[in-house]
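Next come the structures, one after another.
In the two complexes below, chain A is the common chain; its partner is chain B in one and chain C in the other.
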Partner chain A sequence: MKPKRNPDVIWRHEQRREQQLLEAAERGEDISEGGTVILVVNGTMHQLNLLGGEIWRRCDGETELAAIVQEIGAEYEVAAEELEQDVREFLVDLQQRGWVTDA
Partner chain B sequence: MGLDLFDAPLRITWTLKDAAPLSESELGRIAESLVEGGIFFVTLGGDAWRHPGLETLIRQLDGGSVQVTLVVPLCRAGFSVLNPDLPLTRLLLDIGAVVDEEGWQNAEVVDAVKNFRKLGYYPELQLLPIRGRLEQLPRLFQVAGEVGVAGVKLPNFPLVDRPDLASRVLEADDLESFRPLAPTCRRSSTDLKLEVHDLFLWELLCPEAPREHYSGCQAGNGLAHISAEGDLYPCSSWQLRIGSLLEQPLADLWQSQARTAVCSEIGTTPRDCRDCHAYEICFGGCRGLARCLGTSESRDPLCKEPR
Partner chain C sequence: MREQNTLLSAPLTFNWTLSFRCNFSCSHCYSREEQVPELSLAELKQVVDILRQKQVPFINFGGGEPLIRPDLYDLAGYATAQGLNVSMNSNGWLLDAGAAEKVKAAGFKSVGISIDSAEAGLHDEFRCMPGSFDRATAALQHLASAGIRTTMSAVISRINFRQFRELLQLAREHEVKQVYLHNFKCSGRGFQNREELDLTPEEWKDFYREALEVKQETDDLSISFDDPVIASLPGYDADPLVKGSSCGKLSLHLRPNGDITPCGFIPLVVGNILRDDFDTLWNESPLLLKMRTKEAKGKCVGCGAYEDCLGGCTARAFAETGDFSEPDPHCWK
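Right after this comes the complex of A and B.
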């Protein structure tokens, strides 16, 4: 599968916010609710957390799901097997919402 | 508040003047800053429609994936100066000047909308709901239905550019007088996309629509305003100059103490709202209006009393 973002979804990577969240994570704080990617879909705003944002930014229609898992795993030093299920579930959710398709 | 603080605003309103305007290169510099900041939506108002640099500006913003809305006042010149193929996401036809005239005719609005359609634009209607205009809202919705526009917008009070309007900002008593007329507006607006900035007016016009997506005043966070001089403000109602976009990039101004102080103020419960049971869905209403017409401890001026 090569997930591809729906071009009708407007989005932005909140880099400064992401940096703050990473620092908070270093301090041991729970950052699961913090947004790093902002999306606007049909006028409604949504935000994706750190893992969701990492996945979303790689949904370029060219990167295979396995490569996405590999890249994120390497960045956060998590075994690919541990991540794969989460990434799959997240992508199924995005597909059901119509925000990504399989390129 | 439901949302985090953003790296840059999501929406910007930008007023342009045609007298002593910013030069095309100055507009270009500001536009570049907005594109770099990843701004999603820009609404161009004031004299933008007849500014000599309008077309270049719209194309630059569009090229940077910014969705552009243009506000054009209802007047004969409005549609004749607009180039037919501008990449606009939305065109708003502001009918304020017409409804202020006694004996205005629906046909004036209908004809203007049709003229824009001939150019390939499908305008929505806009009316700033200042005192003296609420009685016109049933007519506005009637004409909107008659000509079949997709939406109606009742924007916020632009005190940054029009401080003279402060005395015409609505108060709670104005809304009470309007209350009996609201059902008439609702009956004619069932198919319309309705955008109402003021929460209290919104409640009268859309009593069935919950506020659950409202996460508080977005001034200085999701929202910002640029004046005709190129100065940045938290929103068009909040008369606090953060700095000049001709002197500093948006990203720097957004990290300034002036801007973060706005967010802290919005995050603090105003004294006048402290015992209100609706605070969790209202957050003190429009904080720009509240503090510019009162103090940082005031309620939204359209709020009658704590609930």
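Right after this comes the complex of A and C.
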């Protein structure tokens, strides 16, 4: 699968927020609710957490799911097998919402 | 300080008044009495360049009447070519079939038409413009025929608060996808005419209760309120990104000379987009900091809704009391 963002979804990567969340994670705080990518879909705003944002930014229609898992795993030093299920589930959810398609 | 800590890198929307000039003279207008020099097209394009650089995704042209500036199409085309999403709010008077085609060619994502009553006579009277209802509804048709997504905006006031269902019906008849029921703001002419136009807090509560119920039952039309004072009512859908007023947190307003204000209803200037460094204004403006870090005052202290409401509409509190943190005068609690 090569996930591709729906071009009608307007989005922005919030780098400063991401940096703040990474620092909070270092301090051992729970950052699962913090948004690093903001999406606007038909006028409604949503935010994706750190992992969601990492996946979303790679949904360019050219990168294979396996490569996405590899890249994120390497960046956060997590084994690909541990990540794969989470990435798959997240993408299924995005597909169901119509925000991502399989290129 | 939570709001400031989670602040976005830039606003998501710039509400942009290109000119305070208008071909109408409405009783609730916030801007009709204002006069400021206007930027040239070249300067307006420089502003667009800054917005693109700062990754601001949305521009909404308002006014005054945006179509009063004939170079609106050029500017909008320039902005869409840079990847920005452009919309506008218009009274519809100048939007005939030819204009709708130009709107399409300029790449507008959607156009909102202001209609304050489903009764033609009442709308015309309120807008002091005979024939304006017919022109506004015709504009909706021209836009729909040109393939433009349309929205409808009504400012809720004494003249229409009991008939908002008729406004929704009117929207359906004209293929409108979204209706904004704007809360009445006490600024400009709206402030002078507030005795006549504004509802009492109890009436606001009843209106919103009913409107929120209708919103929940409606699936063929999206209904928006954008009024944080309703946070204590059942059916309120909390914004995932910010609490309280979104001005100065998700959006900013540009005046015709490039001055930035938190919103169109707060006449305090944060700085100028062409003269000042935008990041410094956005991150450090004492005015914006103050709006983002309100502290509960008066009856807001101890109110269970404060976490979502943050004292309601900051512009209304400021217009009445001169203090951002005072409770919204529309609050019924």
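The definition used in the following text is that the second predicted complex is superposed on the first by the 103 of 103 C-alpha atoms of A that agree within 3 Å, B and C clash if a C-alpha of one lies under 4 Å from a C-alpha of the other, contacts with A are read in each partner's own complex, and residues count from 1 in each chain.
Here is the rule we use: a contact is a pair of C-beta atoms (placed from the backbone, for glycine too) under 8 Å apart; a residue touches a chain by one contact, two chains touch by 3 or more.
All values reported here derive from a predicted model rather than from experimental measurement.
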Next on the checklist: Based on the shared chain A superposition, would you classify chain B and chain C as clashing or fitting together?
Outcome noted: clash
Next on the checklist: In the overlaid three-chain picture, which partner chain does A:Ala74 touch, first (chain B) or second (chain C), both, or neither?
Outcome noted: neither
Checklist entry - After lining up the shared chain so the two structures overlap, which partner does A:Ala66 touch, if you call chain B first and chain C second: first, second, both or neither? => result neither
Next on the checklist: Looking at A:Arg17, would you say it contacts chain B, chain C, both, or neither? Reply first, second, both or neither.
Outcome noted: both
Next on the checklist: Which partner chains sit in contact with A:Val92 here, chain B, chain C, both or neither? Use first/second/both/neither.
Outcome noted: neither
Checklist entry - Which parts of chain A are touched by chain B and by chain C alike? => result 10, 12, 14-17, 34-35, 38, 40, 45, 47
Checklist entry - In their shared complex, at which residues does chain C touch chain A? => result 5-9, 12, 55, 57-58, 85, 178, 222, 224, 239-241, 250
Checklist entry - In their shared complex, at which residues does chain A touch chain C? => result 10, 12, 14-17, 20, 34-35, 38, 40, 42-43, 45-47
Item to check | chain A residues touching chain B - in the complex, by the definition given at the top | outcome: 10, 12-17, 34-35, 38, 40, 44-45, 47
Checklist entry - So in the complex, which bits of chain B are touching chain A? => result 3-8, 10, 38, 40, 65, 67, 213, 222, 255
